[in-house]
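Chain IDs A, B, C, D and E follow the sequence of writing; residue 1 opens each chain.
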Amino acid sequence: GCKKVDTASGSTGTGSDTIKIGVFEPLTGANAAGGEAEVEGIKIANKLYPEVLGKKVEVVVADNKSDKAQATTAVARLIEKDKVSAIIGSWGSSFSMAAGDLVKKNKVPAVGASCTNPLVTKGNDYYFRVCYLDPFQGTVMANYAFKSGAKKAAIIQEVSNDYAVGLATYFKEAFVKLTGDPNSVVTTVNYNTNDQEFGAQLSTVKAANPDVIFAPGNFTESALVMKQARQLGITVPFLGGDTWDIDEFTSVGGADVEGATISTFFDDSAPVTDEGKKFVEAYKKEYPDKNMAAVSALGYDAYLVIIKAIEAANSSDSTAIRDALAKTKDVEGATGKLTFNADGDPDKDSAIIKEVKNGKFTYKDTVTISK
Amino acid sequence: MLKIENLCVSYGGIEAVKGISFEVPDKSIVTLIGANGAGKSTTLRTVVGLVKPQSGKIIYNDKDITGKSSEEIVRNGITLVPEGRRIFPNLTVYENLKIGAYMRKDDYSEDIKWVYDLFPRLKERSWQFAGTLSGGEQQMLAVGRALMSKPELIMMDEPSLGLAPLVVKGIFEIIKEINKLGVTILLIEQNANLALRVADQGHVLETGRIKLSGKGQELLENAEVKAAYLGNKKHELAQQ
Amino acid sequence: MTPDNKSINETIDKNIVLRTENMTMQFGGVVAVDNLHLTIREHQIVALIGPNGAGKTTAFNMITGVYTPSSGKIFLHGEDITGMSPDKITRKGVARTFQNIRLFKDLSVFDNIIIAKHFSMHSNIFSATLRLPGAVRAEKKMREESEELLERMGLADVKDAVASSLPYGQQRHLEIARALATKPELLLLDEPAAGMNPQETEDLTASIKQIQQDFNLTVFLIEHHMDLVMEISDRIYVLDFGQTIGKGTPAEIQNNPRVVEAYLGVDDDAEN
Amino acid sequence: MNNTKKRNIICTAILAVIVLALIYFANNYLDAYIVRILNLCAIYTIIGLSMNLINGFTGLFSLGQAGFMAIGAYTVAIFTLPLDMRSTIFYMEPMNPAIAGIHLSFVPALLLGGVIAGFAAFLIGAPVLRLRGDYLAIATLGFSEIIRILLTNLQSITNGALGINKIPDNANNMWWSFGVAIVILILTALLINSSYGRAFKAIREDDIAAEAMGINLFKHKVMSFVVGGFFAGVGGGLYASLLGTVDPKQFYFTLTYNFLLIIVLGGMGSISGTVIASFIVTCGLELLRTFDEPLTVAGYEISLFRPGFSMVIFSLLLMIIVLFYSKGLMGRTELTWDRIFNFFGKMKSKKAPKSTEGGSTK
Amino acid sequence: MTLELFLQNLANGIAVGSLYALIAVGYTMVYGILRLINFAHGDIFMMAAYFTFFGVAVFHLPWYFACIFVVVLTAGLGMLIERAAYRPLRDAPKDSVLVSAIGVSFLLENLATYLFSGKPKAFPDFLGLMSTVSLGTVSIQKVALVVPVVLIVCMSILLFVINKTKLGMAMRAVSKDYEIARVMGININLVIAATFGIGSGLAAVGVILWGMKYPQVSPLMGVMPGLKCFIAAVIGGIGNIKGAVLGGFILGLIEVMLVAFFQPLTGYRDAFAFILLILILLVKPTGLIGEKTTEKV
């Protein structure tokens, strides 16, 4: 079918009266869900801020097909063919890292929305991001677990997922430090991406009798882990990372993920900034029957940061934008005030804790870690 | 019963049959002889619908069956004993016979007995997988399988290929016997001596064309045929 | 079974190319070849005949290493080759053709021949790929020999044709030529005249004789065409149900009642 | 005869010059996007050739290419990674001290990658190549998955799921990728047309007959497998260097399907077919991206055009090619000068009568 | 390891094993007749999951009706795929058919992503089969009790059809020689279509139960089960139905037990599946009870 195009969004006009921002995200393949959520946020941002410096901003989306080689060609295409001034993306740190060299070499700045791997920005002057990093998230959850009284934790990690492994490592480190007990992590069990059967791992976890289970990983597998855990009669709370903060996690997990607790970037029920409120409102209007994913807000912020940098640089020149991005300070985004450090990472020191209640992630707490 | 008119068949660009016409009268035995690659098998394969002819007509019992699907043609009462046996190796001997009667709706247990009587060897091996039979055993099975469909016209493509002299003789006996039972036979043979002896009519094929036709006995005595196909040696040796 | 004196003598007999002792092959319950004793001497043409399913091809398959005998031994020039792999046996000078022609169908006639010379090439894969002098020389020699053989077998004018496009008779010839290309001492032919008309069979008979002499071969063949067998064989073995029911000269075989009964049949339909 | 030979040599020489000039031009004047795609084409050609050697020419139905690639890719990644960056990259578990201090420059690393992949091919080939047909396929596929799982789990060597990033960029220069591709192309062609190549083809055609011709099946199958593994390893090394990052997920067994697709599309047993198909597939995927972009006609956005659509089209096109050219674009034939000249010769002779015909019909 | 834990894992293993077996049977069946590794089988399975999702969660069909709807629709899809992608290649080389299968697999995955988005959906619960019951100390999902029963029923029906009916005989004949099967008067297209229909229908039955145990539906959900069940089929001897069942159980049990008994090796779980596969093939090159094919020379 066809729908009438909003004059504000997808125009195909080119020329000097537009500034192009490229987006590369996995829109097909294994990571399509995450990519889609980010693009939603970016589109909203584009709708709310369609212009900068009096020029129209055009968002060019390229699918990286959840594949590294495709990620690099997608970015090369954005740079060379579409001549974008800046780039947003990508969900999945490995795709961002594959594109890192390209943006650096071509001097086009990129802002990652949710790529939490420390190496994305490290040593790359052209890569920034608006999310906090894996180590931070792991530490946050360890603090939360400790605060809520847990003395013994079990870890279930998706061993073939760099993100999950990262979170698990930092969780363990922090939790052991907090409890002062080297054996406070009673067991660590592994599974692989795409596994669907976790009975054996969960039996071990059950036998170890932890107070809490930290199970960072892809939301699809995690939902199944929790379902199967409940079936086995494991009742202790599950903690996880931001990847669970997506509608499908609760819809797949159903009643069994009730009580699952995560750290995330954004809470749509209680946005901390005005920008956040604005975003939530627009999102609700655009997608009335969707629960918002936190990464959508990050996508929104990535766009915003770039717009602000273009304004500050007063130019659509890529290098100028990069320099302006590096100086980003106290830019109000949906997820909070953003200030980039020397690595290009945001100085975020607090994370939002959410818990599944009645089939929805709801705000629980905010944990602040002093650095 | 079967009438072939000006049949042309080609594989890709190569013309294998270049305008053949002949008839197979009801209840007769007609044989096609000719060198390897003359187009004999191709003719049979075309009749049974495995190859589509380029031009020409195949009339069976006054019905044009040119270009019809194999199933339909076979349903009309034609069957083929294919070149190279082609029995179903993963089916038992017994099942191979049963599948020969695939289209029949009546009771065919008598016919199985009949085939077993014709080829006692098959009865011994009834539960063996056909793939492990020796060449000759497989040929017997192929003939037996064809008989199971109770055909009006049975086309045999070199049934004596690789068979022991005793069995060859047996096969020709059987050919005569089933012909007596009213089955029309179109026979391809390398063993021209024997073939022409049982045949009412023979056609000699050479590179896709009929070169000579005539009564079996006539051809047997034809000098040209003798020179090209029958060999100079007394063929009695083969029998002794 | 203890080897009797005769077989001990045979072991020493230099003339004996191939000898089998109690060669037996069982498939499940079926004894396809039962205690077969063969003795094939140099420059002889020996035939193996018998009804269908007698175990002739199976015997060939054991001799050429395709099957390993369930029991018994096979000696080539006194050397035990039982259970050796087919390629090794070929390299020892035994070549064969197959009952159902097995050519390299999609390759040219020339390639079919030259492939049979590959094993005699001593250059390794690197020098062959990089066309080092040794390999180039070997290749040249292989080519020349192949051309020569094709010429000799009357296949020279179809040398670039794809093997499967040849008429059947020529395919049979090609298969024999290919076997000869391995420079065998012992040539095994499995029903070479199958699918040939009497005239062609006669031609083949002459050609086998000729080849045997030209290439100084020992030939061991399976055939159902009795005119061919009787004409060229020095000795004949007759198998039935895996058992040897007769051996001897063609004349002896033709008059062996067991053989006549089991295989040849009595000619009751004398001249029409 | 001699004339055509001379003509062919001249044509080949001219082609070589043209190719070199094109590479020079592309490398220096074309934008990074196109260069990147061309590089991918070259690398896919290498791996396609390696797979065609095993599957197309030797007739071994192997699905292990992703595994060989992974080995080559990781070898290059591990050994070319600058020493001072290793602790940063291996931040979770330090690199195994046995290799932490070893650094190789690109070429030795690339060759080492090929050698290790070839050795792995030997190790796996020894048991597995005795299997036939589909059993061989699943066993080799399994082997490539085992490699991937090892890469995930041997964290101190491979950095596990985190993968290795910041691999120095050596292959994003067309001289490298095309240079290696051309060398491998020539080597493959030489091998195929040598006595060994004929033996491989004989095994493909009829292994029992090949064995009866004195060809040691097992030895030759292993040879083909090892050479194929070596080439794939080298291709994998280039791939790693081009992408700058490797992780185990990249080498999921479905990666092999891409190359299977390339060789079947080009023609199993055709070197030139593989080259053509590599370019078609790689460039085709890029060209089709247009279908992912929203299309607006007269102010209406056609909602058919959205991300994912290009992949649907791609799979459909693929099906169409497979269905209508079931032997691939080239079948088992090669694009030779003789064929090209014959083709044009025919065109000419066809054209002549056609022009007169044209007058009458139009 | 306590007895309780062992029993729990055993129950798990049997449940997983019978699911593998159920899907492997469909795989093996298509292979047995067409000698084609139907790489698209896992994706047909995935489509069946979407059919179930739409049937139950969207159209709210009653469970029995939904089951019929899904099985029939999936069988139809299988037959459609056969018609469009395999039948035109009847006389083509095997590799082309394989690539066509891979193409179908790509197409289905991409189409599903395009139509239903890459985001997973929740699989609906039928008859409360997702809930658990306790048998002594072992707690087990109800569906796990149903699977073996369904498996035995399906397998018996299938064995009967293949070995005892005319259609089955025709299937076996077609599997070896299309041409001569035609000459026997067999409509081979019909027979092959029927085979695909049955195989795909089994995938649908499989997915209804699988989804109950692993309740998520996504475009790539068929890849892993597809591969695992293929392994199971090969372990047992591909083309052999009993073999597929045996292979499914062996694979399911070993996977679960490995993780249970050798925790640190969990990461290598899939590797073990393949090592097991390769080892079995080395000892028995055509699988545990695969047909032994000594080629008659």
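Just so we're on the same page, contacts are C-beta pairs under 8 Å (C-beta built on N, C-alpha and C of every residue); 3 or more make two chains touch, one makes a residue touch a chain.
Not measured: the values here are computed from a predicted model.
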Farthest chain relative to chain C (centres taken as mean CA coordinates): A
Most distant chain from chain B by Cα centroid: A
Inter-chain centre distance, chain A versus chain D - centres from mean C-alpha coordinates, in Å: 35
Mean-CA-position distance for chain C and chain A (Å): 73
Rounded Å distance between chain C and chain E, as computed from the means of their C-alpha atoms: 48
Residues of chain D engaged with two or more neighbouring chains: 149, 152-153, 208, 308, 311
Residues of chain E whose C-beta touches two or more other chains: 110, 113-114, 223, 267, 270, 297
Multi-chain contact sites of chain B, meaning residues that touch two or more partners: 132
Chain B-facing residues of chain E, complex: 166, 169-170, 172-173, 175-177, 179-187, 291, 296
Touch list for chain A against partner chain E, complex: 26-33, 35-36, 159-160, 187, 189-192, 194-197, 199-201, 203-204, 207, 220, 223-224, 227, 231-233, 246-248, 251-254
Sites on chain A touched by chain D in the complex: 1-5, 10-12, 27-28, 32, 60-63, 65, 67-70, 72-74, 76-77, 79-81, 94, 97-98, 100-102, 105-106, 117-119, 122-123, 159-162, 164-166, 169, 192-193
In the complex with chain D, residue positions of chain E that touch it: 31, 35, 37, 39, 84-85, 88-89, 92-93, 95-96, 98-100, 102-104, 106-107, 110-111, 113-114, 223, 227, 230-231, 234, 238, 267-268, 270-271, 273-275, 277-278, 281-282, 285-287, 295, 297
Chain C - residues contacting chain D, complex: 64, 66, 85-88, 90-91, 95-96, 98, 102-107, 111, 114-121, 123, 125, 128-131, 135, 138-139, 142, 178, 181-182
